[in-house]
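Letters A, B and C mark the chains as written, and numbering starts fresh at 1 in each.
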């Protein structure tokens, strides 16, 4: 599905990520962990085209046959190919309603041109109806249907995170990147989130790559985990291997 | 979902009320008052066109006067009778291909919009990558360039002399007819998927891009539509005044429209319509500040410039009082 | 020889125009560096400086050279006041909001100018000493053309000393570098911003006086064009960077004069030159000649 090869990203003189490689296979849930400032979000930003790396290659293969090189594409082009994300520091469209937020996620698949929207031509009317239905269905799915007319920022933190996931799902992604979906949640909520991620993975036929600090979440749902420290990949493997890996323990405990 | 069809109902009711109102006005009011109402209609279109760019899409553009100038000159040149053209262009004859054209008002207005929209497209394509204040200064620069160019292209625009004797096609019905088309366009645009994409861009560009919205395409689209309507409004203005020259289209004009947009609320269609009318009427009502008036028993001396002092103070006060709420608030219709 | 003397004349004109742009541009750049605000009213502050000097010379018994010191000081305080009224309350507001306030302030000052000074052009009373023409090897040059660059250089040296060697200047640089951190480090932000506006307006007024001596026609709207062009100069040089503003000022001043001198057919387009240059710079290198690259944080 996604192959990241020898990715190096620098900001000024600081190397945020050095020679990082990873592979995510279709239908997998893959975790990316590491201490704060390890460069995890940077990798997401490079994959989604927000940052241009110094070196490396990213190959996205949505179906078995067709390969896309993501580097050099704009974020919107990458989203159109089927890679969508959520943000660590929640970036909803603040003053718009919950429903509008999800509705906008549909826009990239719109076939009608702008004139048919202004003239309310039947082809657009039909499409818009479908988009609203889909948005409402997704809100139902994330449990936000009752608050669909609220302003996005009026929601509590946990709901905002779920809204971001719903908005990302509206773009019909094949690969979903989740940046700390469990941040700020209590153990009960993280448990629900774990179930929820599995559920959407099945229903929408997703492959998921996620960054998370909650080890219980990561260890429970990931098939494979990459561990990053100071921009360098220090370990990879299944949850059992990672838990036993000494370098990982060192990185987390800060042992020299 | 549940609000589906609501804007159309409101629009129809408002449309009928306005038609009745305009009809009564054109029957019973004197020509000066009718002229003010006509001017209000033009400012409604102008306010909305700027609000699309600045309010809904969140780009800070100060190029409106330039697009109006393009529209005004297009209408002026296309509708002016052939004999009038010869009289106007006595310094240097008009370019041959335009010397013998005399179009009707509607096609000329459409042409005005299209030429201005095209200019918006060509200008927008390179500069819309800039943000906030850089965009503001670049668009302002373009408006100035257009003005300077129009001052110097003697055989196309008659240079600094301007155009006189443009047929006075614009009446209350033309100006408000166009205003209503604009209101309708904006209302449906913003309600639809593209409008929502514009709002998304205003709210958060990074998130909008990551949700697959092509920033460049949508910004240029919004900018071109805004320029189109600014051009049409410029054309209406030319046919209302009958006389235009490049110096009419200075940044002061853009400032007036900005005032309307800020008072009406960035991203608020209904508010813009109301504030366009209020500002236009006040501009006229406050004319006494600039001119001396005779109250019979006492002669009040007007102070030139006082009117704009009042207006600029209003603008600053509104901004100071509204503060955060200003660009953030997005009410529709 | 004839060609050379004409070229020399143009060069002198370009340098003095460039000096004036540079002086005004510094105000833009200093304010932008700290507040990230285009102070649209800066050109109108410049206009006020000229008018205050005008009234000082004609209507007070104060000798002209003293007026030349007092007027910029008064203008400096007006600039400081402007910030307190129109910008300070909006410091936490979105950038476009404060920009609108700046545009409002600009129009307010212009029209206030019309109300107070009248719309008719006035002639600037140039002191006779400054109005002399000297001959230099066949080239006759107005003394002002020498004084302008000299004063500009002296002021720049002074400003440079102030910004790099004094505590206030360092605080200013700290604020420009990192507003948040600097304000947490106990720098009195309000005081520094006031000083910045005072200095910027002071320099604009000095520029205004010299402008009046060179182009002695006063109008309340006279600040708009030099203001916009100086801002463009600041952008060309890299906004936020004082050296850049000076370089940008000279590029623009020399460029304008040379355009008219070398391509007389384009004289009518002189006012468009700066804007064309601006747009080219913004597209090619938005950070300007001396500017740092800004990376967007996500």
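Operating definition for what follows: a contact is a pair of C-beta atoms (placed from the backbone, for glycine too) under 8 Å apart; a residue touches a chain by one contact, two chains touch by 3 or more.
Source: prediction; values computed, not measured.
Asker: When you average C-alpha coordinates per chain, which one falls nearest the overall C-alpha average? Tell me, please.
Answerer: Of the chains present, the most centrally placed is B.
Asker: Report back the single chain whose CA centre is most distant from the CA centre of chain A.
Answerer: Centre of mass proxy via C-alpha means gives C as farthest from chain A.
Asker: Return the distance between the CA-based centres of chain B and chain C, expressed in whole Å.
Answerer: Distance between chain centres, rounded to whole Å: 32 Å.
Asker: What whole-Å value do you get for the distance between chain A and chain C if each is reduced to the mean of its CA atoms?
Answerer: For chain A versus chain C, the centre distance works out to 49 Å.
Asker: Centroid from C-alpha atoms only, then distance chain A to chain B, rounded to Å. What do you get?
Answerer: 42
Asker: Show the residues in chain A shared as contacts by 2 or more other chains, in ascending order.
Answerer: Chain A, residues with two or more chain partners: 50, 87.
Asker: Please list all residues of chain C that touch 2 or more other chains.
Answerer: Within chain C, residues 298 contact more than one other chain.
Asker: What are the residues of chain B that contact at least two other chains?
Answerer: Chain B, residues with two or more chain partners: 206, 328.
Asker: Which positions of chain C touch chain B when the two form their complex?
Answerer: 36-38, 86, 89-90, 92-101, 103-105, 107-108, 110-115, 118-119, 220, 224, 228, 231-232, 235, 268-269, 271-272, 274-276, 278-279, 282-283, 286, 296, 298
Asker: Within the complex, which stretch of chain A touches chain B?
Answerer: Listed in rising order, the residues of chain A that touch chain B are 48, 50, 74-77, 79-80, 84-85, 87, 91-96, 99-100, 103-110, 112, 114, 117-120, 124, 127-128, 131-132, 136, 167-168, 170-171.
Asker: Considering the complex alone, what residue numbers of chain B touch chain A?
Answerer: Counting only chain B, the residues touching chain A are 1, 185, 188-189, 192-197, 199-200, 203-204, 206-215, 221, 328-330.
Asker: Over in the complex, which chain B residues touch chain C? Could you list them?
Answerer: 54, 58, 60, 62, 126-127, 129-130, 132-134, 136-138, 140-142, 144-145, 148-149, 151-152, 206, 251-252, 255, 258, 262, 303-309, 311-313, 315-316, 319-320, 322-324, 326-328
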